[in-house]
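The structure under discussion is supplied below as structure tokens; questions concerning it will follow.
Chain naming follows the written order as A, B, C and D, and within any one chain the residues start at number 1.
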Amino acid sequence: MSRTPDTWILTAHCPSLLGTVDVVTRYLFEQGCYVTEHHSFDDRLASRFFIRVEFRTQADFDEATFLAGLNERTAPFDMRTELTPPGYRAKVVIMVSKADHCLNDLLYRQRTGQLPMDITAIVSNHPDLKPLADWHGIPYHHFPLDPNDKPAQERRVMQVVEDTGAELVVLARYMQVLSADLCRKLDGRAINIHHSLLPGFKGAKPYHQAYQKGVKLVGATAHFINNDLDEGPIITQGVESVDHAHYPEDLVAKGRDIECLTLARAVGYFLERRVFLNANRTVVL
Amino acid sequence: MSRTPDTWILTAHCPSLLGTVDVVTRYLFEQGCYVTEHHSFDDRLASRFFIRVEFRTQADFDEATFLAGLNERTAPFDMRTELTPPGYRAKVVIMVSKADHCLNDLLYRQRTGQLPMDITAIVSNHPDLKPLADWHGIPYHHFPLDPNDKPAQERRVMQVVEDTGAELVVLARYMQVLSADLCRKLDGRAINIHHSLLPGFKGAKPYHQAYQKGVKLVGATAHFINNDLDEGPIITQGVESVDHAHYPEDLVAKGRDIECLTLARAVGYFLERRVFLNANRTVVL
Amino acid sequence: MSRTPDTWILTAHCPSLLGTVDVVTRYLFEQGCYVTEHHSFDDRLASRFFIRVEFRTQADFDEATFLAGLNERTAPFDMRTELTPPGYRAKVVIMVSKADHCLNDLLYRQRTGQLPMDITAIVSNHPDLKPLADWHGIPYHHFPLDPNDKPAQERRVMQVVEDTGAELVVLARYMQVLSADLCRKLDGRAINIHHSLLPGFKGAKPYHQAYQKGVKLVGATAHFINNDLDEGPIITQGVESVDHAHYPEDLVAKGRDIECLTLARAVGYFLERRVFLNANRTVVL
Amino acid sequence: MSRTPDTWILTAHCPSLLGTVDVVTRYLFEQGCYVTEHHSFDDRLASRFFIRVEFRTQADFDEATFLAGLNERTAPFDMRTELTPPGYRAKVVIMVSKADHCLNDLLYRQRTGQLPMDITAIVSNHPDLKPLADWHGIPYHHFPLDPNDKPAQERRVMQVVEDTGAELVVLARYMQVLSADLCRKLDGRAINIHHSLLPGFKGAKPYHQAYQKGVKLVGATAHFINNDLDEGPIITQGVESVDHAHYPEDLVAKGRDIECLTLARAVGYFLERRVFLNANRTVVL
């Protein structure tokens, strides 16, 4: 699971076809790559193939040459490949509103290196969490929402994402619905944490809904956003048991830990190149 | 948790009022009862009080006298009390269709004494599980469903419940919706196991629904039936994590264990007098 | 579980005897106290009684008068009582070495009010975590260990505990063994987090021990310290599943979350007056 | 996870070396095998490679030819390969004493096809569980222990294993220590369930040990036997939380479910060819 400092990650996916595994593993062998972990899955209902390989390289390994050769070889399979070098740190933008537990958790995991990412900016529709960002030395952008011009605010958000070269946007309890336009632009690279076991309790105030229903388990769902609210592909979910003595505010409090853990796990999977979109589902290798 | 062989259980509930705890504990003390476990909860949103006490008695303890005195004392509180003697075994009717995992599990737990109940009858709309019932020496009633006269079948079911003096009916994967009439008759004493984390995936084929949604957790919900399908008060829920490699049939297979465990836990809570109805929710002490 | 702002907590324990529940509940009733939650347990093997009650009071409630009366009434039972007023915040000293995850977690939970405590001081044998303490505005005492005079360092620690009036000391990954003398002084009020499922893997480097044994579950144990290393009464434990791909450093990383959660839960139980010592075990109501 | 009816499983392991993945995947491709799932792991501390592949074959696939070719190709790697055909059912002998919960569970899972095995015999040092075996139509051998000649009893056990061609022996709460000789004969193909979270509470009466220590979690460990008692390589572990109210007999009762589930999971992993011995640890792919 932990990798030596010279470990690369190769991921790929394509339509199901005889030879998908072999085309990858043979090329790796020919290039002198030493495979330390290999996981592939062929989804027989979706007819789609997914592969993730960790490998170490020879001294004379050249990334560009390797990729060029790989893509030539895999072209007949319509395979989309991604290569992640050792020590790579993804650039990430975090969006928040007022609740700080998920942000605090992500900042801690960045600072200690547990999540190999660089948070390039924190964007919020409220000013409240600026001190927390300041202490970690991360730019904080307060973009208030103009109810008459929501697109304007989203353009500013997108500008930050582009300017900082972020490949991932994390909605760490950002309490606004993104427009269909922004969802499309961030397709497959924006992760939201919803505080319920989706598809149960979609929409607002899920813990209050959960209290009304008298459930004995509450949880959180980390998912890619799409333009169907709280319906995006699920990456991972977490759960906690509760009982009759949990009033709505207790569910809210209890949920914070599981929200943090579930979101951090999803972000970790993404950064380690474990997550693949598979129509409205995900494959996590 | 385990009780000495001379332990009684007293449960009660009533509207919230000053003195609800004292009226019970003082009476127990006056009657020389030795309290070994006491749990009470006053629901401040529902304004309702719930109490469960385990106690041992003096040699001259008389159940009828005790109850008469208790009810006189608690009458001003509009308190409904229930007293369960040591070694009490509830009479239970189990309803099944074709799936046998929950039935097999309940029969095992009855046989070994883990669930202190006497299964007085097994009722099914199919003949398939008769051999299993026979091996355990329990009467098996095959009441096929006449699509033109569903009430007739339900009358036969209810007749068995009444004839055998069953206080609890367990729907152990009984795949028919009960009529509003039967639900009303069995209000608060019929437990169903639904194979999803309600309120997610209500209705038919929940595991297939779960697969479509790509959830990463599946579960089961044990709940009292009411006439709003799959909306009855939840007693307990269980959960298992799954991944992309679980096809619908894998979810079905994976779910069996958690269905068994969740249903057995709910039945155990009921038999130990831990479950209280609290409007559309439950209190489990 | 959550309490209205006028809720008191009363706890007590004493040898088992007829009347222990009644003496408490009757007095509460006579004083006009409204009980919202009551949990008592009589340990039949240890012959010891434990009780925890949450209640609201009348306008004219006087703490001193109440306690005097209570203690007079409960004296024949040799009952030790403790009364915690609404909004009470315990004073807590935290001890750390170099690892910051548990400290960071506790500071966050203090800041957000999730743990109702005032951290009066952070004590360490290393200077590393001072910046974190500074940001939260909490005094940080760096007391290096003099291998030739360990008692001197412990006297300085104890001085801080006494000077700040701390009722609880939390060893948040403090990597030194306390002397028998200090253990005795902190008996019943110092909580340690050990990074294994005690009693498995006592002593140093438990994750490395766990790797050698090839376990498939790792965990953490929060326990009261006593002078038998890693043998103090256990308050709560947490667990995570791992597999063959977890090298020792992965177990260390994986364990951090469960250490934080387990320690925070134990501290929360303590602050809510849920934890009772019961010889070398605990009762958690 | 579920497989189409024409799916083969290939597993292999060998010392770490460049080309281990390629030699397998290339051969599969050349033989026209369609890989549906592939998982390989190279243990950098043990310097050992493990691989498990599921694949479908062409119409003209011949097992013997395939294996001969594979073994020729992989010989330079000192690779040990195993090929499991579609629909394969392993022959299994189960050993029990008096407790029936694990046996009952395994019999149920065999009967319903959840565990693809044929239980060829049940062996016990007591006669008690014969009726259960009879109902399932499985030969039951009562081999009492002669304290003066334990080897004689073990020879009879081993005779049954050999006569029935069993590849796996499951100790489903068999309460006798096997001799070093028998352990060696069954090396890597005998799975035991121990009712504790090993290495905690080795030896006799682990739940009573657990009660004495006041642990808040109990569990079960399924492991290969070896001649160091309760020290064999762990396959999987399960866990349940408990509290102060669990007396030793409650721990015993609570543990039964987790013992059943943990043992069934281990047996399932074995039957699906997921378990590899890796010195005193296991790899589970």
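Throughout what follows, a residue touches a chain if its C-beta (ideal position, glycine included) is under 8 Å from a C-beta of that chain, and two chains touch if they have at least 3 such contacts.
Per UniProt, the chains are A, B, C, D = Formyltetrahydrofolate deformylase.
In this text, all values refer to a predicted model and were calculated from it rather than measured experimentally.
When every chain is reduced to the mean of its CA atoms, the largest separation from subunit A belongs to B. If each chain is reduced to the centroid of its CA atoms, subunit A and subunit C end up 36 Å from each other. If each chain is reduced to the centroid of its CA atoms, subunit A and subunit B end up 41 Å from each other. Residue positions 37, 41, 44, 245, 247 of subunit B are each in touch with at least two other chains.
Chain-to-chain contact here is organised exhaustively, every possible pair of chains being in touch.
Within the complex formed with subunit A, the residues of subunit D that make contact are 4, 18-22, 25-26, 28-29, 32, 34-42, 44, 51. The residues of subunit D lying in touch with subunit B in their complex are 1-2, 37, 100-101, 104, 108, 112, 114, 135, 245-247, 249-250, 253, 256-257, 261.
The touching residues of subunit A, when paired with subunit B in their complex, are 41, 43-45, 197-201, 212-217, 219, 233-237, 239, 241, 243-245, 247, 278, 280-284.
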